[in-house]
Structure formats: C-alpha cells, structure tokens
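Below: one structure in structure tokens.
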Amino acid sequence: MTVNENEAPMIDIRNVSKWYGSFQVLKNCSTSVRKGEVVVVCGPSGSGKSTLIKTVNGLEPVQQGTILVNGVEVTNPKTNLTRLRSHVGMVFQHFELFPHLSIRENLVLAQMKVLKRNREEATKKGLALLDRVGLLKQAEKYPGQLSGGQQQRVAIARALAMDPICMLFDEPTSALDPEMINEVLDVMVELAQEGMTMMVVTHEMGFARKVADRVIFVEGGEILEDSPKDEFFEHPKSERTQHFLSKILSH
Amino acid sequence: MGFEMDWSTLFAISDLSDTPWWQYMLGGAGITLALTFSAGLLALVVGTLVGIIRTVPNRALNFIGEAWVELFRNVPLLVQLFLWFFVVPEFIPPLKAWMISTDPLYGEFFCAWIGLGLFTSVRVAENVKSGIKTIPRGQLFAAYALGLSTPQAYRYVLLPLAFRITLPPLNSEAMNLMKNTATSLTIGLADLTLRSHEMGEMTFQFFVAFCFATVVYIIISLVINRSMTTLEKAVAIPGLIRR
Amino acid sequence: MDFSSITGSTSFLLQGAAYTFELTATSAIGAIILGTFLALGKMAKSRVLSLLCSGYINLMRAVPLVLILFWFFFLVPVFIAWFTGSPIPVPVGPEKTALITFILFEAAYYAEIIRAGIQSISRGQLYASSALGLSFGQTMRYVILPQAFRNMGPVLLTQTIVLFQDTSLVYVLSATDFMGAVSKIAQRDSQLTLMYCFAAVCYFVVSFTLSTGVKQMQKKLAIIR
Amino acid sequence: APALDGTLKKAKDTGIFTIGYRDASVPFSYLDAKGKSIGYGNEICKNIAAAVEKKVGRKLTIKWQPITSGNRIPLLLNGTYDVECGSTTNSKERQKLVDFGTTYFAVGVTAAVKKNSGIKSFKDLNNKNVSTTAGTTSVTLLKDLRKKGINTRVVPAKDHAEAFQLLAQNRVVANVMDDILLAGQIANSQTPAAYTLLNETISEEPYAPMLRKDPQFKALVDATVTGMIKSGQMKKLYDTWFTKPIAPHNVNLNFPMNAPTKAAFAHPNSNGI
Amino acid sequence: MTVNENEAPMIDIRNVSKWYGSFQVLKNCSTSVRKGEVVVVCGPSGSGKSTLIKTVNGLEPVQQGTILVNGVEVTNPKTNLTRLRSHVGMVFQHFELFPHLSIRENLVLAQMKVLKRNREEATKKGLALLDRVGLLKQAEKYPGQLSGGQQQRVAIARALAMDPICMLFDEPTSALDPEMINEVLDVMVELAQEGMTMMVVTHEMGFARKVADRVIFVEGGEILEDSPKDEFFEHPKSERTQHFLSKILSH
C-alpha cells in the first residue's frame, strides 16, 4: 500500500489522556493513521486498547488532548458527533448486531435513519454487501440464528453500508471459535487490500504480518511502541514488547 | 357453628342490587378488570418514561426519576389510596367539584385508578430501567457508531430489546396490579373483594362468598398470565433462547 | 394544626409500631424458611412434589392478600379446632392470624425469588462440585445456597420492605399494628387527614431508610463480584 | 340446676370469658387516649361477665377482643369471643344466626347535615350524594327509600369516621347513620355547631348484646341486663356516658334519652326488627 | 511417555450414544486412554467434545454404551458416582472456582467434605499445590481478585488436591486472554511430563504437538479420527480432519 506522507492523516491522536475516576486509562497517547493505512494495535488485557479505539469516534470522551478524524475535531464539544460517526465504521468484539432485527433490517436501519436513504436503495446496498461477505442467503434470518463468524461478517457489512471513510476494529475475532476466525480475517484482509483505512485492535499476529503497515504496542495506557510492521516484529524497541511477543507467539 | 355452606345463596336476590349475588359480584369483577387495565396502561406509560429518564446521561432527569420512584414506592398503597381520596381533592378544587357532582363510583374509580397506576408505575420503571441496563453497553456503542442519535438509539435499539427483557417481570407485575385493586375497597370502591365481603355481611355466607371471589380471581389471573405469555412468545426474537 | 391526637397517644402508636416490626420480622424469617423448602420442592425431580409446590405458589400469587387475610381469619380457628379435636373453633386472635397468613402468603413470593437465585448460579458450579465428589446435599449446602443467598440478598430485602408495607393491611382484621393504631385514633378523634398523612410520613421514613440500605448493600456486592 | 352447656360450659372449662369491643363506636365501645377500650356497652359486658363468673362458680380471666362491623358475626360464631355490647342492631335477619339479649339502647336512623345546607328532611336528599358506612343496615334502608321516590347516590365508606369525613369535606350533603353515632361524630368534630341531625328517622333499631345461639347463656344475659334496668343502674350508666363529658377529650355528647330507648327501658325485651 | 499396551485402560469408552431429546449429541463413540497417556480431543464447536468428556465421570448420563474408569463402570446406575468422581480431576473452560470462598478454602473444601481429611492436613496439601502452580501468595484472595490465567491454575491445583488417578480438561484455555494461555499450558505440560493420565479437549495444537500421545477428532457427535499424534498431524485420514486442521492452523 502506498501512503502519501504529505497528506493530512485520516486519524490524528494528539497527547490524549483519559481517566476513569482517579484511574488513568490513557496516558498522553499520540499516533496517527494516514489514508489507506492499516494500523494494528496490540497489548496485554486491560492496557487500554479498546478505550483508545473508542475515543477515535467519540464513544469514550477524553479529558485531555485532541483527536482529529478527516480533519474534524472529535474532542471539540461543538462537533456533531452523530454525523461524524456515520462516516466511521466500527466493528466490535461481540459483533453487537441488533438481535431483534433480521440481518436485512440490521443492514438497512442506520442507512435509512441516519443517511436518509429510502428503503429500496438501502436494501439494495445492504444486500450487495451481504453478498460480498458471502451471506446473501441469510438475509431474512436473525442474528441469534447465525454462527459467530457469520455474525461478525454481517457486522462488517453493516459498517460498510454507511460508506465509511475509515474502519475501526476492536478485537473482531477474539470472541470467535477457532474455526471461524479465518473467515472473518479473510474479509478484513480483502478490505485492507482494497485500500480501506483501518485501525485494528487484535492479537492475530498472522493478520498483522500480512496486511499491517504499522503496529502499535500499548501497555498500562501508554503507547510503548509505534513502528512499521517489519521493524516491530524483527527489532522491537522495548523489552516489554519483546516479552509480550514471546508470550503470545510461543506454543 | 354457622359454617354450613349454602351455595343457593349465590342465586338469591341481593338486597343491594336487585340482582342475584353472583351477578352482583361479577359486576365487581368488572370493576376489578376495568381498574386493572386502565391503571396498567397508566403505569406502563408513566413507568416507561420514568424508567427511561433514570438511564439517560442527565443528572437532573436521573434525580427526578429517582425521586418519583422513592416517593411512590415507600408509602403503602393503602395509605396512598386514602390520600388520593380524602386529601388530594382538598387541594385541587376542580377535582373536588367534579367528584361532588358526579356519581360517587366515578370519583372512587378515578382515585383508585390514579393511585394504583402511579404506585405500579414505580414497578414498571424499575423493570424498564433494569431491562435497559442489562442490555450490553456494546449495543448502545454500536448504535452510536452507526451514527444513530440518542433518541434514535433508544427508539430503535434499546427500548425494543428492553421491552422483551421486561415482559416476564411485567407479567407478574400485571398479576400484582390485579390483586392490588382489592385494596381499593378501603376507599369504598365496590370491586370484587368488597362485594364478596358485602355478601358475607348481608347473608353471613362468608365461605360461599369468598370461594366465589377466589375462583373468579384465579380465573382472571390465569387469563392475564396466559395472554402475557402469548405476547412474550409473539415478540420472542428468533434464535435467542428465552430466559 | 392540632397534633394532640399524635402526641397524646404516643404509647398506643408505639405499641402498634412495635407489633408492625415484630410481624414483619417474624413473618419474613418464617416465610424465607418455608419459601426455601417450597423452592427446592418446586425444583425437585419428583413430579408430584414439584406440582404440589408450584400449585401452592401459583394459588397464593393469584389471590389478593386482603381476600387471603379474610379467608385465614375464619379458617384458622376452625382448622386448629379440627387439628386439636376441639369441638368449638379455637380463637387465635387477629395478631396470630396475621402472622400465620403472612408466613403462608409471603412464602410463595420468597420461594420464587429463592428459586431464581438458585437457578442464577451457573450449571458449571454444579458440575464443578459434582466433579470434586461433593454429594447433592453438600453441593447445595456449601456451594449453591451460599452463593444464591448472597446474590439474592438485595431482592430478598426489597421483598421484605414490600412485606413491611403489606402488613398495614392487617388493620382490616382490626389488629392493632401501626396502621391499625393510626386509623383507630383517626376515627376516635375525627382526625383522618392528619393521621393518614402522619402514617404516610412514618412509612416513608422507614421504607426509605431500608431501601437506601439495600442500595448500599448492592453496591458492596457489586464490588465483590 | 341443669348441667352447663355452650358458652357457660366453655367458660367453666377454660376459665376464660372473651368480650368483643369496638374501636370507634362512641360511647358504646371505643378507645381512650392509651388505646384502652371503654364505653357504655363495655360496662354492661363487664356486668355480664361478673354474672357468668357467679354462675360457673370460678374466677374467670376476662379477655378483650377487637372486632369490626365486618367481622363481628363470624368471629362470634367461630368462638373468638363470647359476647359484645357495641352498636349492633338486633335484626330478625341476624337472629337466624345469633341470639340477642335485652335491648340496652334504641337508635333512630337519621342523617347528619350541615346547618347551612338548607336540608331539612330526607326528601331534600333526592339526587344528592349521601355517605354511610359500608356493611350496615343503613345501606339497605337508603335503597328502600327509592320506593318513596327519594333517590340518593350512596358513597359507602369503610367506617363511621370516614363516612362523616366525607360530610365534613362537603363531598356529600348528608351522612346517614344511627343518631347516637352521628351525635358522637359531631361532638368530636372541629366545629360541632356547624352540624345538625334531621328531625326524622327512617328506622328505629334496638341495640342489644349479641351472643351465639345458646338459650342458657341468653337467659343469663337477659337477667343481667333486665336487672340493671330495673335497679336503676342502667339509667346512671346512661347519664355517665351520654350526658356528661367523656374520655378522651372530655366532650359531652349531649344526648338525652330518646323516645325509643325510653320505651325499651319501660318494657325490657329482646325483640328485633 | 511409555505406555503399557497390555494393561487395562484407565478410561474405556465403548459404543457410547447420547441424546438430548430427539437430538443425538454422541454417536456410537469408542476410545480409550491408557494409564499415563495424554489424549487430546479436538473438533468444531458444538460437535460434542464437552459432552463426551463429561460422560467420563458421569456428569452427563448416556443412553447407550459403557464407560469404565479404572475398571469401575460409570454407566452402571449402581455405581457410587460421588466416590468415583473424587478420584477423577476435572478442569472447566470457565474455571468454576467457588466465588464465595477464598482460594485456600476452594482448595480445602472437597478434601475435608469428601476425603474427610482434617483441616490442617487439607490446608497443607492445598498450599503445597498452590505453591506448585506459583500462586502461594494469593491463598487468601478470592477468585474474583485473580486474573483468568491465575484462576485456571488454582482450578488445576484444586483438582490435584484430590489425588486424582486421571485428569479431564474441557477447553482449559479458551476463555483466557492470549497472554495468559501459556501460563496455564505450562502447568499442563509439566503435569503430562510427570506421567499424569490426561484427556484434554483443546484447540491448542501447539500443546497437542508437544505432549499428546494421541489426538481424537470429533465432528457431529462422531469420532472421525483417533490416531497417534504424528500420524494425525502428518497424514490425517479423513478429509474433514484435514479441512479442520487447515482452518485452525493457517494465518
């Protein structure tokens, strides 16, 4: 993937700090994701990865620092967050499909209510994306009737239906049975190869090796390492990163 | 001992209504039913609103919701009904004027309706609130991430789910409400319990009267329970195991 | 305003309040014990026992408390007479009748709470206890019930607050609980408004204090979990 | 003497005699400031208890049982208490189930109204809201008034005080009840001068001790009450409770003996209506 | 690990079938585990692995077939299951420590109530095992205060405290965060190397490669493959096994 170094970054996180009460979850974090870039975020459990990625579209407010998405200031209270979010796709660990709506309705709801598309147009778009993730046949089923891997693919299609300018993934495969992980990763790899800007929290180092441009390592709310993929795997800077990689890659 | 049960008393003409006792008591059951439905509706509307404002991120609204719940939860229904009947009209002259001018039954029914409805609204609010709270936060995040606004997220995601979660507890609240209507006998509303009591007092056939009332209550309970369960099944989400 | 009806009758009111608390406490304890057995009975493998218990629970939950109070008021003396072989009904007085009624009535509600509490413990805990070789009784005694009662604590207390308010209904039997005392004074002195407002305030203060306590308890439990 | 049976045998066997009392039937049976039951009827019951003690020849424990208009008959029947002297009307209907002793008071059923309401007779109550106590004979009496073309809309209240409260708050124009009970409510109210009783009754009813069907016991009760009337003890008792200030607030009911009561004392009897 | 082929097997499963209502979960399954042998069971989600392993100590009754553990017939209604179970250690996916008891009490309870050891003896044994899994310092904590990996190590110690003749594991690492998986696998590897008889349901193929004697593949309630480890990984017999392995091993 070629990245234009001079362009303004798609996601720009500058000196962000966040507290839950007196507990500091994010400590002066800064990083950025350029258009078309794929950035993988990893780190131990509870290190603040989910919190970090949720601050990007304002799902979690921050107390200090600035975050810009496509030039729009997420951290400015005056920003219309609802509007911004409709352009930023997000996929969660537990899929979070709406269980009371059929797959088709899941894909159509936000298109109609947020983008004000009419039902026909929205359905057409939704079904096309469903086809793309290989699930056209399941359109009339309900989320509870699909396997985890299928649900996660629907969740990706749902996000894509909003024509996002970038996509955020929060451990999209960690709630999946081992045999289903790959069907989801395959969709993500394809997306990356098509040039989608992506920020992905994941432990799947195979995926990182394959498509990431950069890997970020977070621990205790701090960004300890932020390096191009090859450098990250071959010559991790900090000892902690090495230790983490050894833990996660052995057996 | 005076405990001989004389079932024929049910068919004797009541001094109070010129109809047989069974018919008079069934009339009371009609009042019980009307009260259950109307107060249930009031409780559902008010309770849902109160339940929602207790979950939204707004301190003032949260406080109003909490205060409402504490106020109506911590005073026995019996006392609340009394206050609605004897005390509140003193402070609302138009209400009092209406109660004087109309058939007393309407005045009593109105007080029982508002008393029971608001008392029960607390139960509904509690259930709606905990229904919303049991929905994983991820659902709200997902709704926001798609660009839905807070009212849209409530309207299209949280509330439809919360109501399905809330239905089983609301089933037993509906039965509780139906039973609580009996308390309105203390403000003189001639519901099923009061009328069976009247029959007992006038004919001394307490056992017959209470047996009749008990059976009618059981039938009403069953009907309410069945219809709520049917509703639960009708709105059940395919693929989700019912708890 | 003239508060002499309250100030002049404090001892009578306090007697009533004492009885209300006594009735609430004793019937709550009795009903929780009976309710535990009903819950276990309802979950038992034996169909007959299970049907019997759920039949009892459903019956009690289908009929208004006032009506059940009326029922027991007449039935209990006859029943005791029948039980002891006495030729005439044995009077037990409204206070004892109320106690018996409340235990039998509230047990149905506690039973459902306790059953839900037991069922909320994951099957895995049952499996784990069995896998360690604990017998069914030991599993219940050392693993399931301690957890269930801890989880249920707040709900049980909330139900007890409901019970506390429900005891006000015993005044239809002219038992002198707090509500009975209040209404008797109200009638004697023609001070209905004053006395009922007074009752509302008293019940509110007690219930509110208790339910605030329950909330504290819930917070503590949430931390442990 | 014939062997004791029924109530008297029970008293002899158990050593207990139970009297039913009311909360708010002023001045027959009601509660004083400490919540203790007092009243004209209670005094009569105490005399009956003493007579029972004498008859069965042993010291008895006297128990007091609170009762209401709603439960007084079942509780008597099921043996919870043995006799009551509250404000219970001796009616033929009730005689099918229970016995009544000699009449100790007779009421006229009338209506309490506000003096300024302009209501002078039952006719003026046509198409008006009227309160009364649920479960009393007044409910039936009001219904029977329809035959005379007087249609009232009845608000049945749970007890006498609530029925009167409705009048006090102008929610109804009249409270129909036994004259003496209404006099009690008026005397106790904030503004006794604002009320008056109609000069008209729709029924006259004897109050009498109520007991289980039990000829032996009834004979004893009759003898006791008749004895009190004949000896003049009853008249003294009457004056104490009806024409002098009484507990708890030292209010005077100002209720000189009415005509039906005078008649009942002249010819002691236990006839019902 | 040397296995005596002539000895009677520790666990012997013969023609076992089981139904939930009309749904058949286990279809005529037969296999056996010899003393000192380590057998890994794998297969797709919902294939019946958990059910199979639970039938071994009678936690799930079966409708057809025979199961023998150390010569005792589990499937015979007359067998004292409680007694048998106290000799068969079992570790679950979700740890299932008793949350209302401290770690020490978790280790002591069954020793006292089932084996009738006195408190002193039971505590001594429990703490020694806790030390072995590296958690002696946590004895007075409650399960909720430990990480998942620590909880699972306590669960293993708890099972070992009963002096089991064999151990059953049902996906012991699948509820763990990636960094914690290894601390649990290490304990299991050690156990295997000491000669414990083990039957392990897991997707961790690294673990299987390292210590398993045999690998069993289950699908749709049937045992499709039951081969020595090397054969299983190098030359899987059925196509389905190959497919499953390819799914689970790529990325």
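The letters A, B, C, D and E name the chains in turn, as written, and every chain counts its residues from 1.
We adopt the following convention: a residue touches a chain if its C-beta (ideal position, glycine included) is under 8 Å from a C-beta of that chain, and two chains touch if they have at least 3 such contacts.
Quick caveat, the model's predicted, so the values are computed rather than measured.
Common neighbours of subunit A and subunit B under the contact rule above are absent.
In terms of C-beta pairs in contact, the better-connected of the chain pairs B-C and B-D is B-C.
On a Cα centroid basis, the chain most remote from subunit E in this structure is D.
Averaged Cα coordinates give subunit D a centre that lies 82 Å from the centre of subunit E.
With each centre defined as the average position of its C-alpha atoms, the distance from subunit A to subunit E rounds to 36 Å. Note: centroid distance subunit C to subunit E, computed from Cα atoms, is 46 Å.
Centre to centre, using the average C-alpha position, subunit A and subunit D are separated by 83 Å. With touch defined as above, residues shared between interfaces to two or more other chains in subunit D number as follows: 70, 74, 78, 162, 165.
The residues of subunit A never reach two or more other chains; the list is empty. Multi-chain contact residues of subunit C (touching two or more other chains) are listed as 74, 78, 88-89, 172, 192-193. Screening every pair of chains for touch gives A-B, A-E, B-C, B-D, C-D, C-E. Partner subunit D is touched in their complex by these residues of subunit B: 1-3, 15-16, 86, 89-90, 96, 99-100, 103-104, 107-108, 185-188, 190, 194, 197-198, 200-202, 204, 206. Those residues of subunit A whose C-beta lies close enough to touch subunit E in the complex are 44-45, 147, 177-182, 185, 203-204, 206-207, 210, 244, 247-248, 250-251.
Against subunit D, in their complex, subunit C makes its touches with residues 8-9, 11-12, 15, 73-74, 77-78, 81, 88-94, 172-176, 181, 183-190, 192-193. Residues of subunit B that touch subunit C in their complex: 1, 3, 70-71, 73-80, 82-83, 86-87, 90, 172, 175, 179-183, 185-186, 193, 196-197, 200, 206-207, 210, 213-214, 217-218, 221-222. Chain contact summary for the complex, subunit C toward subunit B: residues 59, 61-67, 70-71, 74, 78, 88-89, 161, 165-166, 168-169, 172, 179, 192-193, 196-197, 199-200, 203-204, 207-208, 211.
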